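Next come two complexes built around chain A: one with chain B, the other with chain C.
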Partner chain A sequence: MLEILQNNWLLFLVGQYPHGPIGGLAMTLFMASISLALCFPFAIGLALARLSPYRWLRLPATAIVHTVRGLPLIMFIFWTYFFSPLVIGRAVGGVETLVIALVIYEAAYLSEIIRAGIEGLPKGQVEAATSLGLRYWPTTIKVVLPQALHNMLPSMVSQFVSTIKETSLGYVISAHELTFAAAQVNNVLLTQPFEVYGILALTYFALCFALTSLARFIERRISGDRGGTPGVTIAA
Partner chain B sequence: MIRFENVDKWFGTLQVLADVSGEVRRGEVKVLVGPSGSGKSTLIRTVTRLEKIQSGRVSVDGADVAARGLDINRLRQRIGFVFQAYNLFPHLTALGNITLGLTKLRGLSKAAARERAMEELARVGLTGKAHEMPGLLSGGQRQRVAIARSLAMDPEVMLFDEPTSALDPEMVGEVLAAMKRLAAGGMTMICVTHEVGFAREVADEIWFMQAGRVIERGRPAELGDKATHPRLGAFLRKVEQSLGS
Partner chain C sequence: MGYVFDLGSVLNGKYLDWFLIGLATTLALTMAAWCLAMAMGIILTLVRMIPFPPLGWFVALYVEYHRNVPLLVQIFVWYFGVPSLLPRPARQWINAHHGEFLLAAIALGLAAAAYVAEDIRSGIRSIPKAQYESARSIGFGYLGAMGYVVLPQALRIAVPPLINQTLLLFKNTSLAMAIGVGELTYRTREVESYTFKTFEAFAVATAIYLAISFGIMALGSWSGHRLKLETR
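== the complex of A and B ==
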């Protein structure tokens, strides 16, 4: 196992870069981060729409969230893979495909986290802002979201962990990420799949375990520093 | 200035305000007392439409607060509301709690808002706590920041909903002192409170609510008169005894 790692660590870490496209762990982290960052505005929009007093906003948002959550991620990957070339008019790479699919998929999940964060705020917060005379948007931007997002930080880290694991599905559309790198190594060595995929598993585990621990740490910090309002973690 | 006319309010099938009428004139201090669940909070919350009513009329300076054309946010800026649970914004400093409305609603620059907020903090004796987060303040200090936050908007009326009920006894005095200063300065106030001493000292009139109705009203001086105010007097004596004050 060590020998495999010694000979292939660069491939695991950054793929074929600088001789080919960047890949490996670097690409996995990049895709997970960029997806989560890009889906953020959509997630906030969906969460606010679901909590809206207006039916014409609430119903479509609710429908979108339920639909997305009711389908496996691989569906979105296939759809993006086969449909986006038709829409855009050119072939779309594996990485872009995966990021688009992840943004749609994660937006639905993240919106539920944000919604829970907003609903978890004491009613008095909005009432106090309202009583000052603040309208919906200033109240939302200055009072509601900063607190909701802060409280939901642990859940967002957990969501990042799920996203990291989900990027491994990029393998099926040849997105050059960590699992793809492992498969390449395996194809070269041919005889040591246990070891190769063992390394892969350990890498994912170490990364995700570290992040999950971070989430727990943040959660303790949050429930400490705001006088007891606990950060609610939604299991990823 | 504030007028309630035959106000009815239901939560579902539960009637919490029943035919409430009354008037608060400019500069007056009314104190609302009554058993838990009698509708005191609900009544003052109707003034800024935190609660909608089903029938009757609540008006401020003659303007119906339920009117469609009314700019409710403008009205809310004119009416300060202090909550039992303070409801400070925990992610902002004491100063930030006060400057938020000033910059967002009054259009003040950051510097001007800070200056104005510091004035209000000084008025409630908390200059030294300006940069403290609410979580690190005592209950009494939090409530004084909440009062300062309302006052910074230059309200014409202040509504207090049991502002001292969540406080440890030793902190009640500092909050009541701030309220007394306000009353002495001529502020129009409606206070839900069971602080009998405060009521006696500053109230122009005490309203006694029970089961959604204002069933007795009296000036503090008349409270000893058991003939005219039997239930209010009895209630206040019971409150006084239970608080040992």
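== the complex of A and C ==
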């Protein structure tokens, strides 16, 4: 096992870079971060629409969230894979395809977390803001969201862990990331699949377990701050 | 582009058969993994109740491994890794008997078991300790208190999350296509590459996945209302 690591650690870390596209763990982390960052505005929009008093906003948002939750991620990846070249008008690489699919998929899940965070705030917050004369947007931006997002920090880290795990599906469309790198190593070595995939599993485990522990630590800190339970933590 | 969307072109003859075989395989894989997940989830919950710390650590490690490693990687470990550790006759048996289906079911079931164990545990935890204590004080033994008082209430609470796990398990069976299990996503790709009717093929698969998922979601929210305990 150690020998495989000694000979291939660079491939696991950055893929074929600098002799080819960057990949490996670096790409996995990059894709997970950028997907989460890009889906954030959509997620907030969806969450606000689902809590809106207007039916014409609430119903489509609810439909989107339920549709996304009802489909396997791999279906989204294939739809993006075939559709995005038509929309963009040029060939789209594996990494871009995966990021687009993840942004749509994660936005729906993250919006549920944000919605739970907003609904978890005491009603008095909105009432106090309204009675001070604030309208909807100032209330939302200056009072509701800052508190809701602060309470949701642990769930957000869990969501980052989910996203890291989901980037492994890039393997199916040959996006160069960690799982793809391990498959390459396995194809070269041929005889030690258990060791290669064991290293892969341990790498993901070390990364995701550290982040999950961080989420738990933040959760304890926040519930200490507020003397109550923070927003619902969605299991990674 | 002149692309004509024609569902009929993928819903006839052998292509329709492929979809149906794929759907049947997806459902069979879901069932097989579900049974394993429930059995293993209950075993893990029971093992965790034994007051011997190393057993608790083992269960915690089991749960953390399955929650922090991507499911696809777990499937690869089972499909590529584990058979290479087995003796040759066992490997040949696996290859001759659709090993990919069996190994995918094991990987999916064991991973879901970690979540099932957590759901049952949080169900048990949400029952106030006084329930157990009062049962003991009116003369129930440990098993009687758990079996007649704590578990019936805990399972009611655990049913909606467990139905949600079933939904996730159903969706996750699509990952088995990566190791060549002929389930719905795999068959869809086959239909697509034979007919070049990309959008029709994936529209059919999407509709099938959504129909079943919505069914499971409806069951989940129905059970959530139906099983809710009156709290005072």
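Here is the rule we go by: the second predicted complex is superposed on the first by the 233 of 236 C-alpha atoms of A that agree within 3 Å, B and C clash if a C-alpha of one lies under 4 Å from a C-alpha of the other, contacts with A are read in each partner's own complex, and residues count from 1 in each chain.
Please note the rule applied: a residue touches a chain if its C-beta (ideal position, glycine included) is under 8 Å from a C-beta of that chain, and two chains touch if they have at least 3 such contacts.
Since this is a predicted model, take the numbers as computed values, not measurements.
Once the two structures are overlaid, the count of chain A residues touched is higher for C than for its counterpart among chain B and chain C. In the superposition on chain A, A:Pro122 makes contact with chain B only, not with chain C. By the document's definition of touching, of the two partners only chain B reaches A:Pro146; chain C does not. Within the superposed three-chain model, A:Val172 lies in touch with chain C and out of touch with chain B [touch as defined at top]. Applying the stated contact rule after C-alpha superposition, one finds that A:Arg69 touches chain C and leaves chain B untouched. By the document's definition of touching, of the two partners only chain B reaches A:Leu132; chain C does not.
In the superposition on chain A, contact is made by A:Thr212 with chain C only, not with chain B. Looking at the shared chain after the overlay, A:Arg55 reaches neither chain B nor chain C. On chain A, the surface touched by chain B in one complex and the surface touched by chain C in the other have no residue in common.
Listed in rising order, the residues of chain C touching chain A in the complex are 1, 64-65, 67-74, 76-77, 80-82, 84-85, 115, 118, 167, 171-172, 174-175, 177-178, 185, 189, 198-199, 202, 205-206, 209-210, 213-214, 217.
By the touch criterion given at the top, residues 66-67, 69-75, 78-79, 82, 86, 161, 164-166, 168-169, 171-172, 179, 182-183, 186, 191-198, 200-201, 204-205, 208-209, 212, 235-236 of chain A touch chain C in their complex. By the touch rule above, chain A contacts chain B in their complex via residues 122, 124-125, 127-135, 138, 142-143, 146-147, 150, 225-227, 229. Interface residues of chain B facing chain A in the complex, by the touch rule stated above, are 48, 50, 73-77, 79-81, 83, 85, 87-91, 100-101, 104-105, 135, 146, 149-150, 153.
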